[in-house]
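Take this structure, written in C-alpha cells, and hold onto it; I'll ask about it next.
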Amino acid sequence: MPDPSVETRQESPSREELARRYTEVRRFSGHICGPLSPEDCVIQSMPDVSPTRWHLAHVTWFFETFVLTPFDGGYRPCHPDYVYLFNSYYNAVGPQFPRPQRGLVSRPGLAEVHAYRRYVDEAMAKFLEAAPEETLAGAAPILEIGLQHEQQHQELILTDIKHVLSINPLCPAYRGRAPQPPAKAAPLRWASFGEGVRRIGHAGGGFAFDNESPRHRQFLEPYELASRPVTNGEFLDFMRDGGYAQPAHWLSLGWAKAQEEGWRAPLYWVEREGVWGQFTLAGLQPVDPAEPVCHVSYFEADACARWAGARLPTEGEWEAASEGLPLEGNFADGGRCHPAPAPQGAKCLAQMFGDVWEWTSSSYAPYPGYRAAEGALGEYNGKFMCNQYVLRGGSCATSRNHVRRTYRNFFPPEARWQFMGFRIAR
Amino acid sequence: MPDPSVETRQESPSREELARRYTEVRRFSGHICGPLSPEDCVIQSMPDVSPTRWHLAHVTWFFETFVLTPFDGGYRPCHPDYVYLFNSYYNAVGPQFPRPQRGLVSRPGLAEVHAYRRYVDEAMAKFLEAAPEETLAGAAPILEIGLQHEQQHQELILTDIKHVLSINPLCPAYRGRAPQPPAKAAPLRWASFGEGVRRIGHAGGGFAFDNESPRHRQFLEPYELASRPVTNGEFLDFMRDGGYAQPAHWLSLGWAKAQEEGWRAPLYWVEREGVWGQFTLAGLQPVDPAEPVCHVSYFEADACARWAGARLPTEGEWEAASEGLPLEGNFADGGRCHPAPAPQGAKCLAQMFGDVWEWTSSSYAPYPGYRAAEGALGEYNGKFMCNQYVLRGGSCATSRNHVRRTYRNFFPPEARWQFMGFRIAR
Amino acid sequence: MPDPSVETRQESPSREELARRYTEVRRFSGHICGPLSPEDCVIQSMPDVSPTRWHLAHVTWFFETFVLTPFDGGYRPCHPDYVYLFNSYYNAVGPQFPRPQRGLVSRPGLAEVHAYRRYVDEAMAKFLEAAPEETLAGAAPILEIGLQHEQQHQELILTDIKHVLSINPLCPAYRGRAPQPPAKAAPLRWASFGEGVRRIGHAGGGFAFDNESPRHRQFLEPYELASRPVTNGEFLDFMRDGGYAQPAHWLSLGWAKAQEEGWRAPLYWVEREGVWGQFTLAGLQPVDPAEPVCHVSYFEADACARWAGARLPTEGEWEAASEGLPLEGNFADGGRCHPAPAPQGAKCLAQMFGDVWEWTSSSYAPYPGYRAAEGALGEYNGKFMCNQYVLRGGSCATSRNHVRRTYRNFFPPEARWQFMGFRIAR
Amino acid sequence: MPDPSVETRQESPSREELARRYTEVRRFSGHICGPLSPEDCVIQSMPDVSPTRWHLAHVTWFFETFVLTPFDGGYRPCHPDYVYLFNSYYNAVGPQFPRPQRGLVSRPGLAEVHAYRRYVDEAMAKFLEAAPEETLAGAAPILEIGLQHEQQHQELILTDIKHVLSINPLCPAYRGRAPQPPAKAAPLRWASFGEGVRRIGHAGGGFAFDNESPRHRQFLEPYELASRPVTNGEFLDFMRDGGYAQPAHWLSLGWAKAQEEGWRAPLYWVEREGVWGQFTLAGLQPVDPAEPVCHVSYFEADACARWAGARLPTEGEWEAASEGLPLEGNFADGGRCHPAPAPQGAKCLAQMFGDVWEWTSSSYAPYPGYRAAEGALGEYNGKFMCNQYVLRGGSCATSRNHVRRTYRNFFPPEARWQFMGFRIAR
C-alpha cells in the first residue's frame, strides 16, 4: 500500500478515468468467474484457498469499508454482518470470521454475492459521479489500492479454483484450450552484470505498494542470470537424476517437508504408466518439456538450482537485471492461464514478466526506512514480513497492468499452488 | 441387513407395491431437500457430516450397485466414476473416495445429481415393470434394504444440514416454524419391571436389519424406567448445579472430551446475556424447558443420569419395556423436525418413539449367534460393532415407517449432532 | 475396589498377617526393579507408559494418602509436593501432574524415591504395630486395596519397561533367559457348555474389586470354548493368509487403526530377512510357534477369530467355563515373564490363568446394580467403563495371588503393550 | 565450518597446543555436567532439547567420525551402533536415530557415555602424540571444528537442562547463586553510524565457521543502535501497556503463535500474586528490572521494538557497529549462567558480547559467493539457511573464546529457550 501522503502528490486521475478503471477491473472479475457453477464457488480445498464467492465478496467489502463508508456520508452498508464475514485479516477493522472455515458457509449464495457486488457498484458509480472534488481526491488513492487489490484476488481466484478442481477425481476443466504444436525450448544463456551500488525499489510515478519503498541503495557483487526460467524438461532431468531422493541438494526444512508430504514432482503432476501429465485449468494435459516448470516450492527451486551448480538470484539482482526491459509477456489478459514455452531467438532475458512468478533467494523483509501506513491499511503488507520469500515478475494469471519491475510478491517457502517457477543465477 | 435367505421366505410384495414404495421413499428425499440451495448441498462442516448432494447420489448409487447392476442385465451405469465417488465404505465393492474430502468436490453439481437420480429412477421403474418374477423375487429384499437405507440417509440429510447451517454466523433457517404457546413438562414417573428371562431381538414378520437378530434370551434383574425423556428444564438444573464442572459425575473419557472441546451445554445451545437459546432447523430459538433435551452425547447423558442418582437403561431393558406400545410419536413425517414436549396426562411410558433417539448404556455388540450377510452387504452393520453405544426409538427426523421396537441405532459416545436425548432408569 | 462396608464384615486379618503381607508385596516391587538402572527408571516411551520411578512412588503415595493420612493421626507426609506429583487420577484428592509429562521429571531421582518408600514403610510398620484395634479394622480393607494396587503396578512396571527397552535400537535385555528346547503346540480342542442362567461375579470370601460385584444372573446360549489360547503358529497362518491385508476380517475401527499405524504383525515382532523375531524382556528372540500369541490388540484378536470362523468369548462365557479350575499357571512369581507353550496332554481348558490376558468380546460395563464406593476410591474402577474391553485370567506378569476367576482387567481395543492374547469361542 | 582449503593456509598449531586445547574444552564439558544426576541426563523435555547424555556422546562421536576414523588408520570405533545412535543430522554419514526420540533411550547410561568419552580421549591423545606431521596438518582444521562444535553443545547443555528442570513442579536448581544487591539499569543511549559501503564477514586470521564467509560488501543507510539491550524493566512496560494483547505491534505469524501458545510474558516467567518471578538455573528468582530481558522469541523482540517506535538492527548494522569493541562480557566461563545488569557509566555500546544473544532482523542467508564445504561437514551450516533469524554476540552460556564479532548464530523466530534478548535500532 502506498503511503497516501506520497501518492497524492501526483496528479489525481479524473472522475471519468476512475470510473472507467473501476468498471474495467470489476468486469474482469465477472469474466473469469464465467465458467464456474454455484457449487464450484463454495469450496475451500485447503486453508490457503478461499472460495470464489468469498473472493468476490471480500474485494467488494474492501470498497465498502475503505472507500464508501469513510468517504460517502450517505452510504448504508449492504448487510450488517458482511463487515465480519468478509474481513480477511484487518484487526483494526474488527474481528474476522475464521479463515479455515470460509468453505463452511453456504449463505449468502452466489446470486446474493453478485447482488452485493451490484449494490456496491451502483453506490460507487454514484459516488464517482457526485462526490465533491476534494473528497474524490482523498478517496482516489484508496480506490486505486482497492482496484489493485481486486486484481490480486483475480489471480487468487484462478489459482484457488485450479486447486479446487484438482481435488476432484473427475479432473474437470475450468476452460478448454486448443492443443498446440510441440515447441522446442530456447537454449539457456547467461546474462552478466557487474558489481556496484544499485538503486532498488519504486522510483515514483504511478502506483506501487508500500513494500516497494523506500527506494534505496544495495551493493551487488558481480553475477549472471539465466536467459529464461527453468523448463519442465530441465526439471525432469533433475527428477531423473534422483533430485527428490538426494538430501544433499536440499535445505533441511525442505527435505523434511518433501518427506512429510511425499513430494516427488511439482504440484499437479501425475504419473500414469511412466508418463508425466499435469492437471491444468484445461484439465489433465501432458507435461510439455519446453514450458517453464511451474507449481514448485521455494524448496524445490532451491534444490534444483543447487543440483545444477547454480543458485536462485536475490530480488535485488533480479530487479537490477530487469531495468529497461519492456513489460511484455503471457498474462491473464491473454486467457491462456498456463505458462508458455520461451520464444525461440528471444532477447537475452526472456519471460521476465508473465508465465511464472520467479522465486528469489530473498526473504521478504522491509526495505531500509520502510514504514507501514497508519490505520487498517497498514496491515496490508508489513505484518507478513517473516518466513516468506519474494517472487518477481508476475505470471500467466496476473493482469498485465497490475505488475511492475519493483513488484514484490511473497509466499512461504513450501507454497506451490500459485503459478510459481524460477530462474537460476550464479 | 437381514439375511436374505431368511427374508425371502416371507411372501414377496407385489410389483406394484414395490414400485409404490420406491416412488414414495424417493420422493420424500426430494421433499426434504426442497428448501436447500445448490451451495447448501456442497458443504461438509465436519468429517461426520456429508454434503446433501453426496447423500442424494450415494443412496442412488446403492440401487445402481446392489439392484440394477446385478439383477438387470441390460443396465448401463450412469457414469463410470460414480461407483468410486459415491461408495461410502463397501470395501468389497472397491476403493472409496476419502470420506473427509466429500466436501471438496463441486462436480457433479446438484443438477447433475438430480439427473443421476432420474436416470436410476427410470431404470428402476422399467426393471420393476419388466423383470421376470424370479429375478424380482431375488431383488426385492435388496431393494427393501435400499429403501430403508435411503430413509436412514434422509435423517442424516436433516441432521447434517442442521450442522452445516449452524456454522454460519448468520444463523439461517432451513424452514420456518410457527411459534408455539409455552407448555409445561409432564411430571416424571417411574414404570416398574420385574426380573426374568426376556426375549430380545426381531421376531420375524416385516423388515429388520441383521443387527436385530437373532432373537435370543436375556436375563433382566428388576428395574424402573422413567415415564418420559429428560427435559431441557431438568438438564438446566444439572447445568446450574455445576454438572459440567464436577468430574465426579463423569466417565473419565467423557470428562476429558468435555474439557478438550470446552463443553458447557448441549450442542447448538448458545448463551446470550444469560439466556440460553438453541440453533434449530428453524433458526435460533429460545430453549423450551418442557422439550426433551437433545444433542447431548452419551457422556453428558450418563453424567446427568448419575447426578440424578439414576443411570441409563440397557437396550434390553428399553426393548422389554416397549413391548406392546403403539408406534406413535413426533416423526419426520410431521415436518416439525424438532422435539416436542411430552403430552400432559400421557400414558405411563411416553415418547418412546420419535422426538429424540434415546441413549442406552449398551455397547453396540453382536447378539449371540449373529452372522453378517455374505458379500458387500455384510459390511452394512457388523463391522461397526466397537466403541459405539446403542440408541433406541427414533427421533423427530426419522420416518415413522422406518423405526421399530427392536431397531438399534448406534453412535460413538462423543457424538452429539444427531437428535439424541435420553431417558433414565434405576 | 470393594465396598468397604461389605468387606469389613469378613473377619479382619491379624496385625501380624497384615504386616507380613505388606512386607512381602512391597519387597516384590524392589525385586522386579533389581535389573534396572536409574536411567531406565526415568523414561516414558508413550503416554500409556509410566516411568518405573513414578510407579514406585505412586503406589507409596497410595498408602500415604489413603491409609496413613486418614488413619494415623501422627503421620507427617514425606514431602509436600508428592501429593500432587504422584496422584494418578483421583480428582477427589486434588489436581494431578499431567500424565503425558511423567517422563519429563528427573527429580526426585531413584535414590530419593527409594527413600520415600522406606519413609512410608517405616511409618506403616509402626502403624501396624501400634494402631488401636478399631483403627486397624477400619484401615485393613483400604490397606488390602493398596496391596492389590501395588501388585497391579508391578505388572505395569514389567509391561512398561518392556516397551521402554523396545524403543532402544540396541535391544537391551531386562533379564536373560536360558534357551529352551523347541516345543510342539498342544492341539486345539473345543469344550462345550450348555444354555442356562448362570451366576456371574464375585461370590464373597476374600478380596475382590468393586467391578466384580454384584454377583448377578446372566442367560447364556450354548457355546464352545477353545482348549488353549491361539498360538504364534496359528497367528502366523492368519498373517500368511493375508490377515492384515483383508478388510473383510476386521472391525471398521480396527482396520483404520491398523492402516494408520502400519500394523502387519503383533507388537514387538520384527522381520529380518524373512524370519520373525520378537523383542522380549530377554532381548530379541525368535518367535516360537508353540507359544500363545501375545501383544495383540482386541482388533487383531477379533480379526483373527473371524478369519478362523470363530469369535471371541463374552466375559460371562469365560467366567462360567472357568468354574472349578485350579488357579495355576505361568505367573510373574515364576520369573519367566514371557508366555510359555501349553503343556502337552493337558486338561480340557489349559492356560486359563497366567501366560496371557485373554481378550473377551465384552465391553467393560457395570454389572447390574453396581455402585462405586463413596469418596476418592470410588474413582478406582467405575469411571473407566467406556470404550474398553474386558480381559480375563492374568498373565505371565501377574502375581499368582492377585488374580481370580472373576477378575476383570480392561483396556481400550487398540492397546497392545500388555501381555495380551486370546482364546476363541463359537 | 571453514573451507579447509582456506584455513589450512594458516600456520597449523603445534601438537602440544592441539592437545592442550582439546583437553581444556573436553574438561569443560565434564565441569558443566557436575551438578547433574544420571536421571537429569536422560530427559528431552521438547523436541528441540536433547538429553545431556546425548550431547556428551554426540560431540565425542564427532571426533570419532571426522578425526579418528578418517585420519587414524588403527582406530576401532568404541561401539558399532554409536555411529547411528549419536549422529545428529549428517545424511552423508548415514541414517540417524530419530531426533524426537532421543529422550526415549536409557542405555547407554551416563557411566557408559563417560566411558565412551574416555575411550575417544585416549585415542585422541595417542593420535595427537604419534600421528605423522602431515596427517596431523590435515586433521587439525577438522579437530578445531570438533572443539568449536563441542563448545556449541556446552551452551546447549546449559540451555537444555534449564528447560528440563523448568518442567519440574519442584523448580529444582542446577546450581545455586548468591543473592545480589539490586542494581539500577544504565540509561539507554543511541550510538549513530553513517551511510556507506561496509565490509561484512570473517576477515581471516583465526577460526571461523563457513557461514561467516566470504567477506563482502554491503551498503548501509545511516542508523542508530541502542547502547545496551532492552531490560526486564522496559519489557515490563511493554507488557503493562498491553503489548501481548495488541495485534498492531506484531508480525502476523508472531501474533498467531502467541495466541496459540498463550504467551503473555517471556519464557520462564511466572506470575504469582501479581509479582513476576523467573525460573533460572539457580531455581525460581524474582525478575530483576535492571537485567537484560531474556528468553524472548524474535516475534516478541520485534513487537516490543515496534511498540517502542524502533526496530531490530540488521546483522550488517550490528557487525559494523561492533568493530573495534573488546571481546568482553558475562560468559559461561564466569559461571553465573544468567544475564547481568549493564554496568553503570559503561562505554557507548555495552554488553555487545555475552549476557544475551541479540536477535537481528536478518533472515539467515548465505553471504554472496558462499559455498558449503564438500562432504558431510558441508551439512554443518548451509542447509539450515531458511526461516531462521540471525543472533549476534554470544550469551552468558557461551564460552568467551568461542564467540566473535562475525559469529552468526541462528534460530527460528519462535524459539525462546536459548538465552535470547535484543537491542533496538532506528
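Here the chain labels run A, B, C and D in written order, and each chain numbers its own residues starting at 1.
FYI, contacts are C-beta pairs under 8 Å (C-beta built on N, C-alpha and C of every residue); 3 or more make two chains touch, one makes a residue touch a chain.
Not measured: the values here are computed from a predicted model.
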item: Shortest path length from subunit A to subunit C (each step joins two touching chains); value: 2
item: Chain located farthest away, centre of subunit B as origin (C-alpha); value: D
item: Centroid distance [mean C-alpha coordinates] between subunit C and subunit B, Å; value: 38
item: Inter-chain centre distance, subunit A versus subunit B - centres from mean C-alpha coordinates, in Å; value: 47
item: Approximate Å spacing (C-alpha centroids) for the pair subunit B, subunit D; value: 60
item: Where subunit A touches two or more other chains at once, by residue number; value: none
item: Touching chain combinations (by label order); value: A-B, A-D, B-C, C-D
item: Residues of subunit A defined as touching subunit D within the complex; value: 89, 91-92, 197, 216-219, 221, 247-248, 250-255, 298-299, 311, 361-363, 365-366, 368-369, 378-379, 383-387, 413
item: Subunit A residues touching subunit B - in the complex, by the definition given at the top; value: 37-43, 45, 53, 81, 84-85, 97, 101, 103-110, 164-165, 167-170, 172
